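There are structures below to look over.
What follows is a pair of complexes built around chain A, which joins chain B in one and chain C in the other.
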Partner chain A sequence: MTNTNGLKLNKKAQTMDKGAKIFYAILMAFPVVQFVLFYIVVNFQSIGYAFMDSVESSDNKITWFFSIKKITDWFTDPYKVKDLLDTAKMSLLYYGVTLCVSIPLGLLFAYYVFKKMPFAGLFRIFLFIPSIIPAAASVLMFKYVLNEVTPILFGTNALRFDTNPLGNVIFYNLYVGFGTSVLMYANKMFDISPEVIEAGKLDGALGIKEFWHIVLPLTFPTLSVFLVTGVATIFVNQYNVLMFNVSAEYDPLGRYLYDLAFASTKSERNVPPAAALGLILTIIAIPLTFGVKYLLDKYGPSED
Partner chain B sequence: MKKFLIKTLCVLMLVTVAFSTFACKKDPNKNKATLYVYSFTSGFGSEWLTELIKDYEALHVNDKVGGKTGIHVQPTTLNSNVAGGEMAGRDEVVYFLEQQDYSSLIAGNYIADITDAITGDNPYDEGDGTLEDKMYDDQKDYLGRKDSNGKVHYYAYPHYLTNFGIVYDVDRFNEKGYYLMKGYNVANGVKNCFLGVDGMKNNWTKTDGPDQTPNTSDDGLPTTYEEFFMLCDYIANTGNDNPLIWSGQHRYSYLTHFINALATDYEGYEQMRLNFTFDGTAENLGTVKNGQFTFDATDTEIDQTNGNELARQAGKYYAIKFYDDLYDQTYIKNDANDLTLFNSGYDHLTAQEDFLKRGTKRNVMLLDGSWWEMEATGAFEDLAGTNDAYSKENKKLGWMPLPKQSAEKITQSGKKQTVYDIYYPLCMVKNGLDVNSWQYKYAIDFIQFANSQEQLAQFTQITSAVKSLKYDLTSDQKSSLTPYGKSYYEYIKNADIVFPYDNNVVFNNNQLKLQSLSTDGKVSPLYHSGDKRGLIEVIEKGVSAETHFNGMYTYFSSSDIW
Partner chain C sequence: MVKNKANFKIKNKLSPLTIALLTVLTVYVIFMLALFLWAVITACKKYSGDYSSTDSSIANNIVGLPKQFYLFENISKLNEGFADFTLIEMAINTVLYSFGCSFFKVVVTCVVAYLCARYENWFSKIVYTAVIVTMIIPVVGNQAAEIQLANLLGLYNEIWGMWLMRANFLGMYFLVFYSVFKTMPKGYYEAAKIDGANDMQVMIKVALPLIKYTFLSIFLILFIEYWNDYLIPNLYLPAHKTLSLALYHQSTGQELNAQYKREMSRVPALMASVLVVTVPVIILFCIFSKRLMGNLSVGGLKG
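Take a look at the complex of A and B:
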């Protein structure tokens, strides 16, 4: 056996190489098995359900048969179409706010931390805490503070949760997601070589110029991951509306899917509509995600 | 110092470990055969199950089972249901669950045939009675499934009754005279239609109340929607109390249940059952224009092709209109109620506690379900801790008969009330057990014991609610009920029950659309207009009762159910 440089390996090295391969195989087996089980197997059945329907006869026998009705229903049933459009609109709103507010603000704050400005470390901890507290507890606390504490503190009901549920849900999601993104961006910024920054300074890249021409392009791979994965979450993210128990008019697609999936736990016969919608959304999400990735790769700032 | 601290910590840890090791008592059930039972546990609590198990274990303490002596019943009490597919992998054999798709559970082979328990003589009851004898006809028709030979098989048995309504503070009503005066005249003003404090002192005569019989517990209570609004008005403006309270957090589901309770009571048993049987004559259909309901000139024969017509039932419209009108009242829409009735953080337990609390301004009527008293146990105990008059046993509360839409309706439906079983709970045994195994035999036996006369009475005594079965309490058992429990028991004894199921092809094929509440309880299928916000929220958002009602018909007419 030869190594990559064409040199002959001794027996010990060959054994080590074999051991490394076994180790590598075992290491890779876990994600592969996970992918097979939780993606291919699970979705294989789900895809099947999308093309099925069932009837119960008078003697209580359930017969399953091939049908595309559960798929076409999502395009023809006016009530289903309305539900889809309403929830899609909300999903886009939540995603849009994240895209336009959370990401730029997260980047700027990460830069603030990166530049080690006053209290940067403290902010980093405080911002990260909400994302490690279970959502059920933090939602409860958030609502409690708005409903019970703000009227006492400010002597007005204007800040109570029910006064502006949509605004409060959006604010909560921004606040909770903020810590994670700041941490990720800041960690990437800390990887930037000080020599690069120094060289930039010599070329006159200071302040916002430094951020725009040096830090942002070098942080872009991390930002790109956020942007690409964010597209996929449009279709599944519930934005915590379930826990806030807000009006159904603020439900995003993820919450709507949850309801459909929950109904399917009652009876297998309720699975096909959920499976059909899941399939439709997947068909939309895949090209959209790859499209965004392609655009970011092509037009995004390069590290070079 | 550091060494001392380390040593102290080590000693403390050793003591803790030793204490927890030796303090453990020997498991008294170690040598008993264990039967696992799962109970969906919410408002009704688990005390009824604990007492049931205690009695059952005592009865079987000497049974020899597989080399062991005695039966130990191990309960799992969680506020969630178990899906049929999960049962096979669980230890529990007997299940008490709510809102189950019975047909699918049978078709999926998830639940066992328990006909033996239901049609066989119940050894725990005197005489030759069976559990089947205690079932209502609708339950027998739905739960009993015929095989190809015509033999009936049961796979589940009814559990408790879950209906919704009004609980009122009898003590406060007596104190402030919130009772309509016989021969009242509205022209004299609402203030002069009620007994008030003076009337109570002077024993002035009350109206005959919903049962139209003098000298009964419902004397002076409102009989019509109009009288109910007068009562609320009087309580708010003359009595200076708060007429109604409910959980703001659960208002979408609770108020939908309340509207459905009113509609069911209006329509009565026969008409409301059409929503599930799709077989019979609909007598109350009509249309609404400019807020005016006009009955159809002729009755409509309902079959499995035109169930959508039932979305035009008068009772549904009048009930929605009732809430629409109520919502507009000052005592409902005032700022204070933003913190209670319409506050998404104001939960049911707080509402119950606020209803029970003493204060200058009291909440005198609570909208809640039949489970409420058990659910409010903590509030009762807290309040009784400082004053025994607030205990369940002493506090005088009552279940108020629902008012009818009009005086004419009282004549039509008589004194009878009709209630709706919201969550249709069932008791089942998981499939896959050998019918000769001790687990199966004891599961059957446990179900028979749980539904013996003595245990049914005990359930009512503990929860102040009833099982969805035909049974009576002895006078001794009745006298042991709380004042509220007596009131509720008497109410139910005089009521017809609408169970939201039927064994027909249309219903079984569309159970989700016809019976199941949405996951958040906001959307009840009977009031679905295609708006996923649900009935209560659209009214809060300014949609009129008429618009919603007409939307229901449009929605059901475009459905592929028919």
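Take a look at the complex of A and C:
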């Protein structure tokens, strides 16, 4: 009886009256239209452009027609294939460094903050600051200090930015990349129950053992989010090379895509190549993301 | 016993791992401070617009202190190279772009999350699913198509157009708001209803005041993100130069000049521009550091 009444009450509470329906519809209208236009329409339009080509007549009239040439170009045109392979190689290099250096270091720094080791609070702030400083500004500071100050201070050109642009771009991205991740890992670590840490201590888990056997598995859900969402960054992250203004040989895919998008601001005829590459990369990125998620779910450490 | 415990604590804190991390972090902080210090000192040095000059004071005094204070004179050179925009215009563009985009984004996200959490109907479920799906599926390279659509709708190259384009409810901040609204006791809403409040009043007077700090945190994070952004304005707002974009154009344009003297002569102006773009963010961080740093958690923020 009580249950039945309870169910009826819940159903009644969930039923919207006319005023609530109008209120709901009015407030939802703009966000839904915005979503339809700038997500659904844009993505379908992008797919449409990928299968289009155009010709321009002598009177500047553009005629569009269906074609898969812009897609096949990315597999057959030797210049495009070379560009794609070169930029993909650079993207994988930047991503690999992030995966192998930035993430482990970020976790160790977060552990340092979590254990409240000397000056932990101060380091927490200083690790965060580079992530809020405009990249346009910090890249310039970094580049000029390396180029102009280090030769005077150390009497050698070895540390100049121009001596080793690739190494310095990688170093810069490591330098600015800790902020948010360290903060998130540390905040997740602070959620670990002190009883768990104490129990670990009684079992002999101290220092690196504590980090490896207790803290890391319990921080894994946050790490997993970074790893899964990080897959897409292979395709879109520019690693600040635009601001560094380095040679094209160091450009990752993200920079290449950005240049294609920029070209599309000059003429609509430049849209199909960008849309075609976007479609190809999306087709690669989706299974890759789900694959990483699957592997992490299956083989990642359990919180239990 | 107490002594043993204390000894253990010190030993634990000064383990090789601790010392190694402390060293790396100290070097990190010193390096960061050195960059800022050099930028500030250089921004105060003499700017020389005379590119043919070989006696530029900066070229002869790269690491020393400035002999005279030229900071404000250097700041006034920010718009050099693109005289169509004054410093004030670029500052206004930056504020309008960053404030508008972050404000509308956070308002739309917050309202939609409230509606989905408060009214559990089939449409709310679709919206919630849409957010999750768009977060999981990475869509790459649709900017070119978006630019065309913006052009078609008359939004391209308009700051208000960017507000509309960024005013979506997608992304992790939706989940943050949603979880906050979801955990809010329903009794609050029901009490307000019994007191005669309508749905709008319940939202504005009951729900929104309870999430004001979450709202502020997300707004600040987005504001800084848009303030720092030069890539999107470079694509979408060619006629409305922002400060970060101006800095990007100024630096890359200047670096086309290969001659060392010529390059160095403009560095004080460039570093003054760096300060103009950076100082507002640092001030914001100093005021709201706890709010900016304290709320970040798994996949984003917690309420």
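We adopt the following convention: the second predicted complex is superposed on the first by the 265 of 304 C-alpha atoms of A that agree within 3 Å, B and C clash if a C-alpha of one lies under 4 Å from a C-alpha of the other, contacts with A are read in each partner's own complex, and residues count from 1 in each chain.
Everything below uses one rule, namely that contacts are C-beta pairs under 8 Å (C-beta built on N, C-alpha and C of every residue); 3 or more make two chains touch, one makes a residue touch a chain.
Owing to the predicted nature of the structure, the values given are computational and were not obtained by experimental measurement.
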May I ask you to decide whether A:267 touches chain B, chain C, both, or neither, giving the answer as first, second, both or neither?
-> first
Could you tell me if A:59 is touching chain B, chain C, both of them or neither one (first, second, both, neither)?
-> first
Chain B versus chain C as contact partner of A:295, first or second or both or neither = neither
Go through the superposed model and pick first if A:33 touches only chain B, second if only chain C, both, or neither.
-> neither
Could you tell me if A:144 is touching chain B, chain C, both of them or neither one (first, second, both, neither)?
-> both
With both structures placed on chain A, which of the two partners, chain B or chain C, ends up touching more residues of chain A?
-> C
Return first, second, both or neither, reflecting whether A:100 touches chain B, chain C, both chains, or no partner chain.
-> neither
Just chain B (first), just chain C (second), both, or neither: which does A:41 touch?
-> second
Between chain B (first) and chain C (second), which does A:19 come into contact with in this model arrangement: first, second, both, or neither?
-> second
Can A:81 be said to touch chain B (first), chain C (second), both, or neither?
-> neither
Which chain A residues are contacted by chain C in one complex and by chain B in the other?
-> 144, 148, 242, 245, 258, 262, 265, 268, 270
Note: in the complex, chain B contacts chain A through residues 83-85, 99-101, 103-104, 106-108, 145-146, 148, 249, 335, 338-339, 342-345, 503-505, 508-509, 511-512, 516, 518-520, 522-523, 530, 532-534, 537, 555, 558
So in the complex, which bits of chain A are touching chain C?
-> 13-14, 16, 19-20, 23-24, 27-28, 30-32, 34-35, 37-39, 41-43, 45-46, 49, 105, 108-109, 112, 117-119, 122-130, 132-138, 140-142, 144-145, 148-149, 152-153, 175, 180, 183-184, 187-188, 206-208, 221-222, 225, 231-232, 235-236, 238, 242-243, 245, 257-258, 260-262, 264-265, 268, 270-271, 274-275, 277-279, 281-282, 285-286, 289-290
Chain A-touching residues of chain C, taken from the complex the two chains share | 12-13, 15, 17-18, 21-22, 24-25, 28-29, 31-32, 34-36, 38-39, 42, 62-63, 108, 111-112, 115, 119-121, 123, 127, 130, 134, 136-149, 153, 164-165, 167-170, 186, 198-200, 224, 227-228, 230-231, 234-235, 238, 244-245, 247-248, 251-252, 255, 264, 267, 270-271, 273-274, 277-278, 281-282, 285, 289, 292-293, 296-299, 302
Residues on chain A engaged by chain B in the complex (per definition of touch) = 55-62, 77-79, 82-83, 86, 143-144, 147-148, 157, 160-162, 165, 242, 244-249, 251, 258-259, 262-263, 265-270
